[in-house]
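After the structure tokens below, expect a handful of questions from me.
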Amino acid sequence: MAESITIKGRAGEGNTFLTTAQVIEGLIKMLTAGKVSEAADVYSRCQEDIGYVLINKVKMQRYCGIKTACCFQRCVGLDAANSIFSTTFECDQKHGTAYHQRFRDYWKWVQKEDLMVDGAMTDPKGDRGKRPKDQADPDLYLSVKERKPGGVMISGAKLHQTGMLNSHEILIMPTLTLRPGEEDWAICCAIPTNTKGVRYIYGRQTSDTRKLEKFTLDVGNPSFGGQEVMTVFENVFVPKERIFLDGEIDFSGILVERFASYHRQSYGGCKAGVGDALIGATALIARMNGVAEASHIRDKIVEMIHLNETIYSCGIACSAMGQQTPAGNYQVNLLLANVCKLNVTRFPYELARLATDVAGGLLGTMPSAADLLDPVTGPYIKKYLAAAPEGDVVDRIKVLRLIENLVAGAGAVGYLIESMQGAGPPMAQRIMISRQANIEGKITQVKELLGIS
Amino acid sequence: MAESITIKGRAGEGNTFLTTAQVIEGLIKMLTAGKVSEAADVYSRCQEDIGYVLINKVKMQRYCGIKTACCFQRCVGLDAANSIFSTTFECDQKHGTAYHQRFRDYWKWVQKEDLMVDGAMTDPKGDRGKRPKDQADPDLYLSVKERKPGGVMISGAKLHQTGMLNSHEILIMPTLTLRPGEEDWAICCAIPTNTKGVRYIYGRQTSDTRKLEKFTLDVGNPSFGGQEVMTVFENVFVPKERIFLDGEIDFSGILVERFASYHRQSYGGCKAGVGDALIGATALIARMNGVAEASHIRDKIVEMIHLNETIYSCGIACSAMGQQTPAGNYQVNLLLANVCKLNVTRFPYELARLATDVAGGLLGTMPSAADLLDPVTGPYIKKYLAAAPEGDVVDRIKVLRLIENLVAGAGAVGYLIESMQGAGPPMAQRIMISRQANIEGKITQVKELLGIS
Amino acid sequence: MAESITIKGRAGEGNTFLTTAQVIEGLIKMLTAGKVSEAADVYSRCQEDIGYVLINKVKMQRYCGIKTACCFQRCVGLDAANSIFSTTFECDQKHGTAYHQRFRDYWKWVQKEDLMVDGAMTDPKGDRGKRPKDQADPDLYLSVKERKPGGVMISGAKLHQTGMLNSHEILIMPTLTLRPGEEDWAICCAIPTNTKGVRYIYGRQTSDTRKLEKFTLDVGNPSFGGQEVMTVFENVFVPKERIFLDGEIDFSGILVERFASYHRQSYGGCKAGVGDALIGATALIARMNGVAEASHIRDKIVEMIHLNETIYSCGIACSAMGQQTPAGNYQVNLLLANVCKLNVTRFPYELARLATDVAGGLLGTMPSAADLLDPVTGPYIKKYLAAAPEGDVVDRIKVLRLIENLVAGAGAVGYLIESMQGAGPPMAQRIMISRQANIEGKITQVKELLGIS
Amino acid sequence: MAESITIKGRAGEGNTFLTTAQVIEGLIKMLTAGKVSEAADVYSRCQEDIGYVLINKVKMQRYCGIKTACCFQRCVGLDAANSIFSTTFECDQKHGTAYHQRFRDYWKWVQKEDLMVDGAMTDPKGDRGKRPKDQADPDLYLSVKERKPGGVMISGAKLHQTGMLNSHEILIMPTLTLRPGEEDWAICCAIPTNTKGVRYIYGRQTSDTRKLEKFTLDVGNPSFGGQEVMTVFENVFVPKERIFLDGEIDFSGILVERFASYHRQSYGGCKAGVGDALIGATALIARMNGVAEASHIRDKIVEMIHLNETIYSCGIACSAMGQQTPAGNYQVNLLLANVCKLNVTRFPYELARLATDVAGGLLGTMPSAADLLDPVTGPYIKKYLAAAPEGDVVDRIKVLRLIENLVAGAGAVGYLIESMQGAGPPMAQRIMISRQANIEGKITQVKELLGIS
């Protein structure tokens, strides 16, 4: 992992990126001379705390996406913070609670301390046909187990926790709309990642152990990568000042829906950025293979760009059509944010397919770095993988390994599997699209046009 | 054609819509009570003359699209005006010409007189392998034939002129980037549509004669429709004060590129609006057929919405990422405007296919209005086309005929053929995407990531 | 309509093609010198009566498809005959009835008299949530109303009857699987099309009246075309010797499923043939436009061929994997026949889209034949539609009108709407695929591989 | 690797499957009691030596595909043998050579000795803009370096050699159509894999080292897998009786085209088989997740089946439309074989995408087998991955790991990358489709229909 962007995480080693507040500072560090003004510009626009300008968020995510060529794991906390910010405001208005100021205070501290915050939503869910309290094992949905004077004890688990291992703080949210009688599951709160009773079980991913190998050439992405954990909470104490919802079931669904929509917007930025990296790598390997000018190769790269910019356009559009919330921050357009994510469940697969087409068969057959460095086999590999006259074989291997990483390796977990399942699977977006699309309004217009009463 | 929106066109009968300045007034007239405030709101936002807020343009187009369920032919003049506005400004800066103020004066007059203006770009082109002056017939590209003290004489033709027949004025533009020696083709000017020497040859379209039939039930879209003309210019005189470029070949390509991009943005609004009408009709026929709740029907309608909103998102995004020009009006983002239009060459076809699926076989087999009204056959038709209990057979026929209109009838010319060819065919967008996408920048980022020099 | 292939239909004028037995003879007549041996070869292979070689059927249909560039309406009777042939055999085996020999006698007479036979299956169905006998109007499903010594009286209607108007005979079949108590609806029989009590109500189709216009140039397809009728049966008498099922409800579903599968196979031939015509026209207009060698044009034509041959491959595969029935004729593979048709609900739309792309904007804007022949406007049209030097403008118009016919005109009803709805909509094929695919077998294999009990 | 199917390979360890002649015998061994008759039936039909019934080949490949859920590496030798069989026959006819009998003798020996034979075609190619003899390094295309009394000395390399490491024999073929002066490259011959001077450099693949890990649960496919090698030939002696072409440049292109077409047919069988395994696994995980009956899940599985059967249909169709060669064996239809493979470059990607959708997020986040077996973490994993009541967690993990293997792991190299690049990339198929499709014939038909001379 690149030294310059490793920062003080508590939960684990191998932090790959920056804390929320340091995102932009990190960008500046990452950039060499010529890029400083660009980064500074992004930075200055991002200073508006939680009242983040939505379009800038997407632009920043795309920028980080191409810089890291992987899931950089910074969106979840941002999306959670923005959702909690407006939801607590509205909850206070209705119920006379005092969550909003509490959250503001918490978030100021986060920023002052320059901490990385993860958001945790997805419960294991167990038997999908049953409500939380009807599960054979009550822990299959995280809930409050005991109330004490200064706080609550919670137990349960959160799955698919991208980036939690290199965060300082966790924002815990409920996973679904809760009903009367399910108040104990309506808990939103924050804890440090190294709180007693929290355990992390690391997930295995395609080609993960290559990162541990001696020769880094095979790893594909030499500087960045992702990881996922299953997080278990066993009698974890949460002090009162870190609780942002506790039993207000009528705000559980609102919080879930907002978080999901912010997070679906995020994919319009980050995956477009990773798409940029894949497009760049594909254009580069075409050049190294000496086929960059073939009309069908150019056409495939244009198609990759077209699909990638369509994703980005959806990210921009749901931002541009967003609106300010009563709390003062900005909310994305719910319909278009879901349209954005639904495209992300499709187009990266086609980009990966086209990259595989352009890259050629070596993607699946290339010898290892160990054999390249071996005195007997190395010369053969160099001899026979020489392509266009000016190309360097090692550089060619680097580019092919990056493409392999993104289409069928460790990076594909972020670029493909996460594009499908992250922020909810396609059916979740379809349901939201159906709800938000105002089909009745369209029917009314058609009736009017046709003179049907 | 609906009376309320027919206005004072000069060139021909059957004007289907409004002058540029009256667009919003027309909307207000069209709207019944409950919609007035909405239309007034759109109107007030559109008053900003040429310095049009780009997003509002797209919203207005979508609104007109669902209202008319066809190509309403109002974008070409707007797009031409905006392109000429900024191009003349820059031309004056470079060449010391005085076109910009001249155009401003012209456009003020247009607005004061409340005129409808068309834009004319596409020349016949003849042999595509030859430059304008090398054509067997010099008229295959419109050009200046003679210069007189008070103006110029032009000859040639413009094809595919949507909406010209119901316009008062024509803005003529060159069709390609011109080179030294081709100054006579670098002419941009305005003339009234009833100028001496201008002839219109009406185009035939699928199912066009149904509009002339006795029984209107079969026409599909009872109030609106489109038409296309081939326009011939034979020794047409253009006075000096209506000339906005004359020989400045270095601005010909800029004008073409800007017009094309504005026009490609337009499709992100209008075709999304027509798509709304098709979605509304499809949802309505599903209900009338008694199958609206079938999961596969709902899924198809969600898919139609998703694709339609993706088109719209691209229209919004190229607007949101636009920028102000030195002349003061706003220019769309060129890359995203082309991405927008390229999606329009694809998704309406899939919407049409899905509508055909949901609508059922009657789309291709339904008896005529004449037979419905016939005392012998009418009762049989009513008896056997009764579907869900509460449905009215005539209403069902109306909805099916509207869908037929849009997927394989007169409306399909606007919704499908025009979506493919209008504002240039797909290859034109692909070339622009290739130019605008900064592929080198992506390659550089990948090299940096991989440590390739 | 071309004289050489108009034959003795009874029900109406304008027969567009041949009787079942004369299909091949007609082909021979159609063919000029050089093609006789090819047609004779097809003919000789088709002589095997009902025990038709399945692959030859698909080849013949493709051949007729490219020859006519439209739905030639000959498959329904063939598919009905083959389904009834095997179903009656099996019914006799189980119930001791004597339908099979009766049908054989009938079919011999059809062949001897050289008659054209249509198959009629689709009832109006009314309220889809109710069984036939629970409909408000009992006629919404055709049934036996009265039994007489020498036969039965039937009433009801059949919708979407392609080709019935130019047939001599109708084979009537039930439309769904019937249950005990629904014996009166389980009727399969044959009647002449001019039987007393049968009425035909002609369907309207996109651009249908162009066929009646003075100038044939605009019609698109100068020789062939289709039409659809709604057929009403009012107390129609069917003599005993023309009844092939009467009350055997357990064979109703078998008959429906077999007919549907044969008919879904048919689409793998005929639509591939119409696709050939569209590909030929597209390649020809590209040549006339002078762009045939552009790489993107060639690529689009290759894509059209690829999709069209995929359809054909499915038609061939479901034939090759078919098997002989106990009755001695051949049955297509049910799974692959449904896969075949499901592809036909998709690929012709993409072929039409690509043809629209290649053909250019004139597809929607071209002047009429009347204006072409007009002394004032004609010369302008010829002057400005001249493209590549050697091209003839009238020929270019002919090709464009044929493409218009197939993608958005009268031919699109057959090529697009019928491809979607004919032989059942996509959902009908999906249900059959789900039933036939042996998903359990695949699960078992996976369990075995993984050692899961 | 499963013991029962490991047989006497020479070149390396880990043979995953059977020799050509033993394919069926192996199947019998693999099958438990109930499957013997099925396998015996396949076996008996496959006994026809090289004159293989083409459809049976596809059926056998599909069968092996679902049994192994990976590339089983048996097609290359079969396809090479069939191509050489007919090419040598025709070469002898023209040039009076004696290759055909020599090859027959060789192949009889192969069958008698029950050997596994690989086919080797793809040369490194170096600078794609240059002919073999103009390369900087002459070894970039394998060629004859020296002629000796009893044979020839060859040098060069073959890339992407699937299955060579577990074969006994190699059939070497030229890689492109050769021209006069390039006779030394026109060499087709056979050598044992352990011949002196032959070296194998093993390719790295996604997740390859998981196969070497202690806990087999993570490997995904517990019994089968693939691998690829780069093979280097340094002064390798080939005796005269193993040479089947030597300098007959006019048969080089024929041999390449035939091999490619047979090999493209193969993909219609094997990849459909692997697709079956993926469909089975997806249906099984849906059941384990308790969502098998959700309409959108069922719909996605039907779509997977539909696409998979379309691939298979193309494999069947190019076989059914094949023909006997003068040599007596059978040749696939060249057009349809290329259509088949082109679909294989598309549909497996969509199957993988749909499987990823249905499988859920655990595909990218699931803990390792080591943690499952760990006394501390194991109980948490079992607790929180419990889904539907009756499901076993370990079984669920097995199925998810198999899906991971196929969509983004070691199996994806065979199922996705190889589907794209094996038997040539998509452009190679498009060129063949363009050549074989008889576009002129379609144009002629259209001209005839339209009366264009």
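Order of writing sets the labels: A, B, C and D. Residues in every chain begin at 1.
The rule we apply is simple: a contact is a pair of C-beta atoms (placed from the backbone, for glycine too) under 8 Å apart; a residue touches a chain by one contact, two chains touch by 3 or more.
Since this is a predicted model, take the numbers as computed values, not measurements.
Taking A-D and B-D together, the pair of chains sharing more C-beta contacts is A-D. Farthest chain from subunit B (centres taken as the mean of C-alpha atoms): D. For the pair subunit C and subunit D, the distance between mean C-alpha positions equals 38 Å. With centres defined as mean CA coordinates, subunit D is found 37 Å away from subunit A. Chain centres here are Cα averages; for subunit B and subunit D they lie 50 Å apart.
Contact of a single residue of subunit D with at least two other chains is seen at positions 296, 299, 430. Interface residues of subunit D facing subunit A in the complex, by the touch rule stated above, are 122, 124-129, 136-137, 139-140, 157, 159-161, 199, 201-207, 209-210, 218, 228-230, 232, 289-291, 296, 345-346, 349-350, 352-353, 356-357, 360-368, 371, 377, 380-381, 383-389, 404, 407-409, 412-414, 416-418, 420-422, 425-427, 430. Those residues of subunit A lying in contact with subunit B across their complex are 55, 66-69, 221-223, 276-277, 279-281, 283-284, 287, 298-299, 301-302, 305-306, 309-310, 312-314, 316-321, 335-336, 339-340, 342-343, 395, 398-399, 402, 430, 433-434, 437, 439, 441-447, 449-452. By the touch rule above, subunit B contacts subunit D in their complex via residues 295-296, 299.
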